[in-house]
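Let me begin by handing over the structure; questions about it come next.
The chains carry the letters A, B, C and D, assigned in the order they are written, with residues numbered from 1 in each.
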């Protein structure tokens, strides 16, 4: 391999960590995976063996202290992100951080400032921006093929709810699940959200309600450009992972269908039958995880800004907070209101 | 023909009137069209000649005075509906009335009471309930194939806005256009709407804004059963008449695609191309107009209740009023609030 | 109604006869149905009552002798067609005849000559030419959107085989069923068939084999323009009536999907499910039966040639005979060979 | 990595060779790529550098002489296959050979015998068997969901013809292009072909005719089980790479659609538009190339028979020869006739 490879350390070897490790190990030109860290020793060893990774650490700070590590991928639980970002930035590492940056807007702001102050890059893992379907929608809109945007619809439904401990640590459906849709809404609309109105309920599993969260939600967004957006979420779609968007504008509409494992069509006496969607995000977004990491590597290597930065992480989180507040209070909540609350503690750009 | 035919008079020979006249003239077993009325003499004569209708009247009351007329179809401008209903009910005619019954909830209530008092039937022209696509969605839901309803989505977009004079007399987008969707929402959800929240804007044509109306809207509905509904409307879809619904529930989802004039698929070097939707309601709902009139005839002949009654007209109108109020005040509006306002004048059932 | 109406008599009140009677009775401007004939007295009466037809005859010649009858629709069993055509032509009636004209090419030729000699028009009931899907394919090809035709594929499968007595009188699968596809092939290719090669088998029902017929066939056609066609037939498709064509050419491809009763899509844990095709020709081609009769009326009224004439009936039959001979002898059979055989008896145009 | 890795050499670094090299280098567990050979020195070096391959050889025999090479992938021009197979088998290497094994049936037979005599495995690169779409069709048929097979349709059209020198060395359309479809036909039908009838023409490019080949073909196959198959081919589909199959049987039908780069649907005033198919085999069959090599590695490592063997290569070639003969002589050709011709030289199993 060539000497100018970007050498990576991955912090956290859970579900998402393994995706990034697999990609970095073999499928990303210009990247070299040199170390991984996790407090779960057995899992760490399994992963290191499987992908042939030389160095493993229980303490992520030991990994960060390796001078040969140029960049880190933060895939730890959300409550670890902030500390890891600060520590990595301090050591001059380039940072790729999974979403959300943090559950608190104050800490998101602080993380962004630290990254900026240290002069490193931080890319946030809104991987769906790199999915071929969503990309095509974005390009179609950007190319003017649907004219001025009027109504954006996003349907985002999981095949089944996560376990209770996950729900409890997740920050709630808006910061955990809908945050992807909030980012997608900003990305596709190319305009900022100014207000959110949410109706939310517990229709899937009472456990989720007991944990203080919702499993079903409809969010109406108002954008600066005068257009509207509607997001609907469910924690459980019986037919699998449902990931669709539709942009309607003055010149037409562009939408996408779900991806399936194959294109077969079976016709029998009972009807016409086709395949269910790819079941969950690991399969559905395999390509986008790969592409986002390639984009991160390219932007670092070429000295360009990352395509999804801390500001994007901040804004998606702010919409999530507005959506949650709206659901609790059954009234439209302006984003300015959310930013004002934070400004009591620290100033917003 | 057999002696037990239901003999019809049609009041109003405009766009919708002609549909009902054409159907009654030839395609509805058990129905016989004997008279039509309209103040537009030339058009009245043209229609009478084309469909071979013996008797024509400038004044609808002369038609109502014909003893051989068993039933009337009211297709006049909305502001005529109330008077015609009262006059027809007084003469014991069975009534089919186009939607909306009236722009004022008080008069809708009064019309319903008059019909009830006179012991005649009144069916309201929510024809989409008789469309094969929507019917199939209803049957699928009723058959339990999507489980408990969670989220209903309705997309209803016209191919182009009506002229200014129509807009000004229409009662606004919610009473004129969305009212079909409000009825469909109740019909598919089989549960009453308790609250509406609306975001509306003028994005299509400034004329519409000057006329005091909106052309683009997103309405969130809350139902008694705990489920949510989202309706999005536009007065102008560049690709034609867009009429879709999607019901998502605990067991799955059912949705429909638009109807097209043919099923061709053209593959050339530029892409894969298929036909645009049938352009507007006369083509798209030709079948449902026919079926609803058959249903009306059958219910009268067989002495059964009409499938869509004055109560349905009332409830759809109430939702429309709530949606409009919500749009003006940017807050969720409960249906109870709308009904309370009316109760100052007259009591609601 | 206007005096210049074309007054019709229908000969035969079976399955197809009823379609034409229903259409002529109410849905075809410029047409007036005045008489029907059939040897089945009870059925004749039922139909007459249902559609309010004044005059009925057991003997079709009595109907033909009515001077007020301008045109006749021949829907009797195939073996009656020839005699009825000759008798109707003799009396100067305009003729619409169901396909096939006759099972023998000699008699088809003779019928065509008689019609020509008497100076009346004869249209042959290849109704599919008037179906919106096939029409669109034709227009797309004619408009040059697929370039020079290279390969035509036709799939034509029935939902289930007819009863044995029908099979035995049908002239075999090629003259009874595939003849529609042969006509469609000529229509879409706009070029004559020069050769046919057929593989045929009895895979659906041994009864069909015992009756000397096949139920499954694949026919390869060669056209004068150098292109090829492939037709596949089955007497039984478990999923219903399958009617598709695909034209592939130098510039692209155009194809059609089956028509369905609705456009619903059901997504549940077992898969994505849509509606079966409209089950059989009465439903599937309801529109084309209506349109072909309108076209017949228009061509007579306007003094223009009929859109599908006796020559078309002749050529489709000749291809059917070539296809059958090819199946029996397992070799390609040229159309010239079929025409030569007939020429022994009578000259071909 | 684990010591029991299967160590690979790849012979030929052309278009297909690069696919296998890329897969073996990084994406196939249990495989290790240790050497590559090609007479094109510059290209060999480029590939070696890009994938970090230690050893390169101008002469494939030097590669075969490496004792550490367990298995070879033969991706050289077809006329090299036979010699490489014999040499590799002699040295006890496991063999993966691209299709066709050879253009002469005699040499295919001889290669198969040599492989058998030396006790090594040889897998033939009919990669489409490993494509998720075709696999699903196969599973659906095998699972009985379409009942007894009656009619198989395969459409296989390239986006554009290869250059003249390729055409001249290819062995003709049937041995070069249709051979994949012949293998697929056997695979899906699970029954042997007994006869072929072909219509072929030069409709795309006169150069192809001058080279003694055809660019457009329709082949009818008869199978031992009584079913029929139809394959249509073109060297140029304006809309891209068209790869579809459809199996129709007593219980229903299963078919597949083309794969596309995304699932977007654009609706504008001109129509509804979706993406073209993935353009050519490198993109379309990327997954199947990967899966077939994994299957090869697994079968060698686990000591099981390869899923596609020399016998499959032989039979597909024999059908190709029958199809070509049929095209030249315009008559159905039995497979037995082809095998008899070969038997003059060497006996067939």
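Before moving on, here are some points about what is shown:
In this text, a contact is a pair of C-beta atoms (placed from the backbone, for glycine too) under 8 Å apart; a residue touches a chain by one contact, two chains touch by 3 or more.
Source: prediction; values computed, not measured.
Contact tally for A-D versus A-C: the pair with more C-beta pairs in contact is A-D. Chain centres here are means of the Cα atoms, and by that rule the chain farthest away from chain C is A. Inter-chain spacing, taken between the CA centroids of chain A and chain D, is 40 Å. Computed centre separation for the pair chain A/chain C is 59 angstrom, with centres defined by C-alpha atoms. Multi-chain contact residues of chain D, defined as those touching 2 or more other chains: 237-239, 251-253, 267-269, 275. Against chain C, in their complex, chain D makes its touches with residues 147-148, 150-151, 153, 155, 157, 197, 199, 201, 203-204, 216, 218, 220, 222, 226-228, 230, 232, 234, 236-239, 242, 248, 250-253, 330-332. Here chain A touches chain C in the complex through residues 237-239, 267-276, going by the rule given at the top. Contact residues on chain B toward chain C in their complex (touch as defined above): 1, 26-27, 52, 132-133, 135-137, 140, 145-146, 251-259, 261-269, 275.
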